[in-house]
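The structures come next, written out as structure tokens.
Consider the two complexes below, in which chain A is the common component and chain B and chain C are the respective partners.
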Partner chain A sequence: MAISTATKAATDALAVNRAPVSVGAQEVHRWLQSFTWDFDKNRTKYSTKYKMANDTKEQFKLIAKEYARMESVKDERQFGSLQDVLTRVDAANRVHPKWNESMKVISNFLEVGEYNAIAATGMLWDSATAPEQKNGYLGQVMDEIRHTNQCGYINYYFAKQGQDAAGHNDARRTRAIGPLWKGMKRVFSDGFISGDAVECSINLQLVGEACFTNPLIVAVTEWASANGDEMTPTVFLSIETDELRHMANGYQTVVSIANDEAASKYLNTDLNNAFWTQQKYFTPVLGMMFEYGSHFKVEPWVKTWNRWVYEDWGGIWIGRLGKYGVESPASLRDAKKDAYWAHHDLFMIAYALWPTGFFRLTLPTAEEAEWYEANYPGWYDMYGKVYEEWRARGCEDPDSGFLPLQWFIENNHPIYIDRVSQVPFCPSYSKGASTLRVLEFNGKKHSFSDQWGERMWLTEPERYECQNIFEQYEGRELSEVIAEGHGLRSDGKTLISQPHTNKDGRLWTIDDIKKIGCVFSDPLKAL
Partner chain B sequence: MSKSSNAYGAGIMAKTGKAFADEYFAEENQTVHESHEVVLVLKKSDEINSVVNEILLGDRKDDNQTLIVEDRAGYWWLKATGKIEIDCAEVSELLGKQYSVYDLLVDVSSTIGRAYTLGDTFTITSELMGLDVKLKDLEKA
Partner chain C sequence: MTIEVSGGRRGLTDPVIAATILAAIPDQPLETQRKMNYFVTPRGRRLNEYEVLCCYTQPTPDWIPGGLDWGDWTQKFHGGRPSWSNESTELHSTDWHKHRDPAFRWHALYVKDKAEEWRYTDRFLKAYSADGHVRSIDPVWRDEVLGDYLGAFGFSEYGLFNSHSSVVRDCLGDTLRMSSAMIGLDKVDNAQMIQAERTFLAKLVPGFDESTDVPKNEWTKGSIYKGARETVEEIWQGTYDWNEILFSGHMVYDPLFGQFVRREFFLRLSAYYGDNLTPFFINQMQLYHSQTKGITTDMFHTCLADDPAFGDYNKRLLRAWSDKWLPRTVNALKDFMGIFAKIPEIKGVTSKDAIEAALERVFDDWKRDYADPIGYKVDTAALIKTVLTGLK
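Up next is the complex of A and B:
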């Protein structure tokens, strides 16, 4: 068939001037800059009080082709490792049973954060006007989808290949009764996606990602390896390879508002609120998971926190921005106190409320107690001797009829839930930065554990109306609530959570709980 | 053990028990202090191990003598004062295959500081890119 005149002309022209066979990715990136979009009539779900500049950069000059190639290599390496060598060496059964339980919490909770970050960065895409900044946010939307899948896959892998699947699979069904779920939703959901778009970016990118993903996703891999878990480093270190672009997005969000007058008025308050919001949950929960959920200790949690949060995030991110008016968070002193003590307080409460969880907890051994006392002087007198009493009363044995929650009731140490963070606390038995404050609004009492949350609540009390488990289940018997809240294994009688990880120990059933006759009561009603 | 102030266990981190607590809770440590260091976390892999051993701790060791590299199980933890730079053209030559900054980013797990790419070079710096210093675009050939 004869070729057309136009095709022949094109063929002849190419014979003289060859089209380039390869163009560097950053050359394409430079060429793309000649395209601009008009965002004058940008519509966003939540507007922002800040004006974002329209010449903000994306630091990695990433184009779609290189992004796709890079991410596919990451996935090939990660899934290749998991499905090939790690399965062949039976890696999931080499994990210490205590750490196996920690990963039920860490990966399931991180999955929720990643899922909400999809919406958060979509909202930021709507808000920004600089094309490169939008490009950075768009890459992050796709990353967060990948991360949601990766976190789900970790739990799937542990459930399928490893030990004690209950809790790795379908943890979310216990979200109504588990006392850690609602606080996690506050930091990982509400904090990322509700409110001023730039404030959400500060929560997600500048604090959540630039600060807390380092202990949560990087340092955790060292604890995992020490406890026989090679799956988590394989997946989490791959997740974190995207986080550096997210940290850069957070920094560029600040760059984009640095010269806006609103920044001098609001940025420090927004930063302090975001820092307190994120630390209030991450600090005690991560510390508890690392130290109490491991057999082999890497270092005291307070040192991990001091390195990644105080010295490096505080000094390298926040400290360097000082000349642009960014101040040290006002709540830092209380956060540091929490980093030293709050995870010990939280473990005590979590162990007392163990039947409402979806993972197994273990009391510290004598050897671990020595480690705690050496690293946290004063630990034994506050916590260690109580655990000895609980153990002596048979807290691990279903025949004992003893739940540690009874100890709190007998000793008049009521447990409250902080309205803003949804984190449980016991003001009369605590060494962290928690003290009880109670306010009334619309005929309802609200408890707070600190001035920082109380201040946030006072500015918008309607935002924090979530019922806590004591309000929700007041007057209800515990076994009834557990059954209703899907806290049972597939046999319909054994609890998912247990107060030990001893493979020879008997597991608690719903009947063991029922015979104790424990009834929920709301401590605020007694005030 | 390294005596560098950039080491993983330097300063307060070398203390334990009450000595650690005393410094940790000291009044001067209740606010953040500006730091000109940068931290880089590199996921261990065939290529990254070569970058660390042959380039950062090899040919380029004298470029920044404050650089500390520590083995933290699944990753390399790097800390330096000022900046850390990796030229992927050099890595490409070392590995004997094409290796761009985007190949490097496959295994760069975390950054504390301002990280960016320009051509074949990956940089993490304590400079405030976009505020004190303009982020450069690739120049036309």
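Up next is the complex of A and C:
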């Protein structure tokens, strides 16, 4: 066979230099943008009113194998810590019981967001036309699988090694019983995957990840650590290292549509809707989990919120996007009001409905009540007094036959569910900004707690038809609902949820609930 | 003590805080069932870590078979289309959560394997280059076959990779979604490995063109990959049913066309042309193919074809899909036969008898592993005869 000129040149080159040569990830990645080709049917299966630019670049220039190497290194550190030193010091049994309960919710609900983000970024991978942009979303698809597994690992770890496995061991089944679940699905599930692809990206990356993962994934680690939990910081901070890529994806999504005419028409409305969607749930729920789900406090939630959401995100992050026409959401001001009181309102309702949870809730102790009053003046008169009354009526004691939900009924304070956010609210007993609005459509009544959600519904009511828990459970007796939703421990009679974490307190059973004879009703039917 | 903790004090190590925490912890654990996901039916004898970490992460309601949730979606697409829905596929299942990756790989195990492959690739390339192996590659094979036609095959892998995007969005189960993402990533990895090989050759062989221009031209305008390109485009963007995308790509096109191109052309022939570089990369692709085959046969055979309620219906539909995708794949192979006219002939290796034997291996494998389990009747000899008409 003839020796070509090129072969001779290669042979000559080797004669001079035999240094080992390899190929770096960047040397491959630089060709990525040319991997696609034009053809007739090459368009997304998920419509968007925006047009993403064909030449959009990604900021994290990874190829598949380099991605795997990077993540594998992080996994080794993380799982090494969990399986070695933290297990040897019995760390799961050195967590404050209140926080042990909070992690049943936080880890599982974050898992829902991470899981749905797999599908969401699959949709964006499909929608983008630039191979680099597709690659950025692909990296996120894989990250979200990682995070889903990591969040599951927290519950798995606490179940296997901790003080109360119930709820950790079956959160994926029992989470659907209670009042916090549907709202979680709105923000962390359907809000990410159902709609205009770019609108979903704004929900997921521009708001969910760039705004709320900071308090959810970073700030939570301080609260965890203060309450003896070192597992959560080990895992969540490893998750957060990937979130930077996701924020960059969100940024690049905006960059990719910046020159599109549709952006000037719709982008700020979509951002405002996405922000309100996310904040409506996360502002009260995160505040509640941090403050009411801990014994040791790091700082008032309103301060955390102000720093991460208002200043960092609403100011700096959105400010950086200003050159692309992005403005801070108009609803940010109303959200700021919610940051002060909404989590106190929500805890009151969540505690009133405690038997439907998959975790134990605890009323504030005397020293916690002092802390609340010092940081939220007026707290005692609105909430503290009521908790004293509930406690005096035996709300923690199964023999009392008293569920705090009865207090709402006795005092004519009906609890409604906001149709759009699925967040429960009590307009007649609330310090937050909730106001009751009721609209009728197709023979069905719908309640709303704020103007922003109401506007979304008025524009597209067909997107928000989901039944709420009162409609679903109407006429059903509470113990039946709990049993059907598998809300019992392995002895078949003790509830997973409890209204206290007192180690000497008796645990409620399904019979204790049955004796009360609590039957669900739909408050909208009384209007 | 105050309950507000500042200065980064940690409950695990601060003696005062730790004492308060320990005093609050129950003397005995409150629950004896410590196995997470204890309610999941394991594939094997015991629930494994993969099943614990992956199963039922998908929050679908019970009207999507296998779901644990209830009720409607809290937000839908514009116009009211649901987030996930049974009508996204023509196939039926009694449990969309039944699938398992036979290797039980959750994310950490998947990236661990691939990270090792990357590190080993780096070490291999250094040794290969230092050893001067590149001198032995036949120039036509190197410059035309690897430069142009292997490069063009990268587009097939890249297109198949992209076909997974809507599957990852639309499929109805958690283990399905994770498996689909992983086998999708393997496909883009294949495309990137092909480019890595070409870039590597360009570093060793002055004048070797690493650019994607010529391969792309071959892929989009040439005759050798015409049938393949049209099939890949239809799988990627012409098909909306997520199961059909997976089936057409992984149960028909890739086990026939992909296997012939990778295993029976590049892998088998490279050694005859002095190329021991390409087998290194192709063997990684073959590993991925093997793992993918385990995953997709579990999806389509173990779960859907053997579904207790819908097995017969599903098999009928899979056979109908085979009828649809097999002729296109055969046509892709027929077009690919044109490549044999581009390489120096080696008797018994690239001659018709050897090509026919290679086709027989691929078609026999496909019949045994893919067609027979769904009762698909196929005359492989006739198909091979059709393919061979593409020889120039």
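To be clear about the criterion, the second predicted complex is superposed on the first by the 483 of 527 C-alpha atoms of A that agree within 3 Å, B and C clash if a C-alpha of one lies under 4 Å from a C-alpha of the other, contacts with A are read in each partner's own complex, and residues count from 1 in each chain.
We take it that contacts are C-beta pairs under 8 Å (C-beta built on N, C-alpha and C of every residue); 3 or more make two chains touch, one makes a residue touch a chain.
Worth saying up front: this structure is predicted, and the values here are computed from it rather than measured.
Chemist: Would you check which partner chain A:189 touches, where first means chain B only, second means chain C only, and both and neither mean what they say?
Modeler: Touch status of A:189: second partner only.
Chemist: Give one of first, second, both or neither to describe whether A:149 is in contact with chain B, with chain C, with both, or with none.
Modeler: In the superposed model, A:149 contacts chain C only, not chain B.
Chemist: Looking at chain A, which partner touches more of its residues: chain C or chain B?
Modeler: C
Chemist: After superposition on the shared chain, which partner residues are touched by A:176: those of chain B (first), chain C (second), both, or neither?
Modeler: second
Chemist: Can A:377 be said to touch chain B (first), chain C (second), both, or neither?
Modeler: It touches chain B, and chain C stays clear.
Chemist: Which partner does A:226 reach: the first (chain B), the second (chain C), both, or neither?
Modeler: both
Chemist: Is A:57 contacted by the first partner chain B, the second partner chain C, both or neither?
Modeler: Only chain B is touched by A:57; chain C is not.
Chemist: Please work out whether A:248 is in contact with chain B alone, chain C alone, both, or neither, and reply first, second, both or neither.
Modeler: The first partner, chain B, only.
Chemist: Where does A:27 make contact in the superposed view: on chain B (first), on chain C (second), on both, or on neither?
Modeler: Touch status of A:27: both partners.
Chemist: Check whether A:303 is in contact with chain B, with chain C, with both or with neither, and answer first, second, both or neither.
Modeler: first
Chemist: I'd like to check the shared interface: which positions of chain A are touched by both chain B and chain C across the two complexes?
Modeler: Common to the two interfaces on chain A: residues 27, 66, 69, 73, 222, 225-226, 230.
Chemist: For the complex, which residues does chain A have touching chain B?
Modeler: Per the stated touch rule, the residues are 24-27, 29-30, 33, 56-57, 59-62, 66, 69-70, 73-74, 77, 210, 213-214, 217-218, 221-222, 224-226, 230, 233-234, 237-238, 240-241, 243-244, 247-248, 251-252, 255, 258, 302-303, 306-307, 310-322, 324, 328-329, 332-333, 336-337, 340, 374-375, 377.
Chemist: Name, in rising order, each residue of chain B that touches chain A in their complex.
Modeler: Listed in rising order, the residues are 8, 12-13, 16-18, 20-21, 24-25, 29-39, 41, 43, 45, 72-75, 100-103, 105-119, 126, 128-131, 135, 137-138, 140-141.
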